[in-house]
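Note that chain A is present in both complexes that follow, paired respectively with chain B and with chain C.
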Partner chain A sequence: MTLLDGLNVTLAFPLAAELEVGEHFYWEIGNYWEIGNYTVHGQVFITSWVVIALLLVISFLGTRNLQRVPSGFQNFLEYALDFVRDIAKAQIGEKEYRPWVPFVGTLFLFIFVANWSGALIPWKLIEIPESELAAPTNDINTTVALALLTSLAYFYAGISKRGIGYFKKYIEPTPILLPINILEEFTKPLSLSFRLFGNILADELVVAVLVFLVPLFVPLPVMALGLFTSAIQALIFATLAGAYIGESLESEEE
Partner chain B sequence: MTITLVEMTNWMILLAAEAVETTKEGGLFDFDATLPLVAVQFLILVALLNVLFYKPLTRVLDERAEYIRQNLNQAKEDSQKSEELAQKFEKQLNQARRESQEIIAQAQAEAQEQAAKNIAQAQQEVQAQREQASAEIQEQKQKALQSLESQVDTLSRQILEKLVGTELAQR
Partner chain C sequence: MDSLTAAASVVAAALAVGLAAIGPGLGQGNASGQALEGIARQPEAEGKIRGTLLLSLAFMEALTIYGLVVALVLLFANPFS
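Right, the complex of A and B next:
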């Protein structure tokens, strides 16, 4: 494993090209509440707290003094709200999108800020005992959590709209499609989570490897591309979540 | 640096392989309590952002939309009203103009009538005066003729007396 040893060497360059994939900064929880021995990935929580704090602080600053004629931060936040509202409206429909704006919108905002934080905040300058700080979305736990929440959300949407009749969709249009329809419930969160996870992790790996090979200028275009894909991934995740919820809310045309 | 692309790819594969190998402690697909906690954390974030971000801003946006719609309606109403008023004023103006024309015409007619009347009266007066004057002249003339006649009588008597003497004359 000489090659891998080489990879783990931290260069003297400030942009340390150290790759620590699959290592986690474990925190033991559970002992504290005496509910068994559980571990969590500390690096995910540290960075996600930063992301959440960023979102909350910006929201707080922007909505502290709301005016009829917006200015400064409020303008920016209204743009953001308009953007996520449009995502929800386009997928769920004019009539029922309003209660889903917070969920779909927060999906977009959280994933977007998380992805970009991974690319723009120099996490690696902060040393932690194990692993390294990176975008929270490059951990499979985060993306699966978000995908499962999306699944729960569209189940909740469908059942609250159509009651138990929601499950009739499994045998529509014909009962022959039952296995495929059931399979779909698994593939939806699976594809959602793995798409996001894979894209973000791959982007960070590519950048890290390129920085390791050519530490100057060459990684920049890839980094820019990474920013672009990160934004697109956030948009895709939120759009698909909206689409699934909208699909569940669709009333049967009979 | 003699690293080829193939070697790099090999690294990546090795890396991923090793990551998956060490599932006991870590690994790419290491699921643990992070998953539910991130989910809970995300739901809390949704709730907080709902209170802090979505609700107030949506309210402001809705209020603004309402305000704009109201203002627009008000403006439409106002412009309609002003148009109506303008039309009304136009009508009134026309009417006033017509009325004033009428008044002028009437006044002119009255004045003309008055003038004619005055002229007629003046002429009448003049006529009367003239008649009076001519009557007076006539009278004077009459008087003068009368006095002349009486004088003629006396004068002719005197002339007769002178010619034929007093006795004859008184006979």
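Right, the complex of A and C next:
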């Protein structure tokens, strides 16, 4: 129950990591790039690496021996590709979705596997000092990183499509709305990251509390509900990323 | 953390998540009711309606989650302690 024990929380970064629940397995990063010593949350890195390795192995095994008539693993991967392609196509539009499939698809697959790994991989078997392994997306730093990447992506999409004219959208429809339009650029990543972080953390906290109260069988329905919400959250993150990119790509003539 | 801050934080956390549940609760009920009506009127559109409904329910749920995040900050990472 280290998740619930950490009532005394230290601030690791002054910037992003102020939202912390529980204790962390800190890694000291040395003075490698001459930017001073700082610490990272080791448990998030371990679980993220496992998730990335899992995705790589699955996609490698599924595409190693491509057949014209797919079967087994290849069939499954083609279904997954169709799924992420449909997300991108529905949000960005038939004409311009293709270059964005890798980004939206990576977001969906990483978040989906990360969320499910928290519930399905028996992390408890691996002991690490001072903390415990859980889904990487229950750390605010992971979700903020993903949300900021989304921001970068839609700025890149807009600027590469329309050049400097992209920034005209801030004074549309009237210049009076300028502050609200600028504020929106901050609320987009904020709501993206908080939505994912809050959902996953809440899910894991509820399961932890229930396991603490009744260790057998009773938490199972909540765990199943957690799997469902995790999948929906991954879908929502990818859908919204696609919607923001699509909004940036929208041409003015329409 | 002194006891006054602790008491205020606990009450504030309870209020944050409790009040944040009211609006989305109403909204989700409304949306589900409308979706049910849609399915009753047009049962063949069930799949499409269900997908959109789940997506919009998750959006509404996010509002409660914001309240929950505030409550969790107050309980576990209290900035005033």
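Some points to look at:
Here is the rule we use: the second predicted complex is superposed on the first by the 227 of 254 C-alpha atoms of A that agree within 3 Å, B and C clash if a C-alpha of one lies under 4 Å from a C-alpha of the other, contacts with A are read in each partner's own complex, and residues count from 1 in each chain.
In this section, a contact is a pair of C-beta atoms (placed from the backbone, for glycine too) under 8 Å apart; a residue touches a chain by one contact, two chains touch by 3 or more.
What you see is a predicted model; the values in this text were computed from it and never measured.
Once the two complexes are overlaid on the shared chain, A:164 sits clear of chain B and of chain C alike.
In the superposed model, A:176 makes contact with neither chain B nor chain C.
Of the two partner chains placed by superposition, only chain B is touched by A:63; chain C is not.
By the touch criterion defined above, A:142 reaches chain B but does not reach chain C. Shared-chain residue A:101: touches chain B; no touch with chain C. Look at A:233: by the touch rule set out above, it reaches chain C but stays clear of chain B. By the touch criterion defined above, A:194 reaches chain C but does not reach chain B. The wider contact with chain A, measured as residues touched, comes from B rather than the other of chain B and chain C. In the superposed pair of complexes, A:39 makes contact with chain B only, with no contact to chain C. Across the superposed pair, chain B and chain C both touch chain A at residues 7, 19, 21-22, 201, 205. The part of chain C that touches chain A in the complex is made up of residues 54-55, 58-59, 61-62, 65-66, 68-69, 72-73, 75-77, 79.
Residue ranges of chain A in contact with chain B, taken from their complex: 1, 3-4, 7, 19, 21-24, 29-30, 38-41, 44-45, 48, 52, 55-56, 59-60, 62-63, 66, 68, 70, 74, 77-78, 81-82, 85, 98, 101-103, 105-106, 109-110, 131, 136, 139-142, 144-146, 148-149, 201, 205, 209, 213. Per the touch definition, chain B reaches chain A in the complex via residues 1, 3, 7-8, 10-12, 14-16, 18-20, 22, 26-39, 41-43, 45-46, 48-50, 52-54, 56-58, 60-61, 63-64, 67. Of all residues in chain A, only 6-7, 9, 18-22, 191, 194-195, 197-199, 201-202, 205, 229, 232-233, 235-236, 239 touch chain C in the complex they form.
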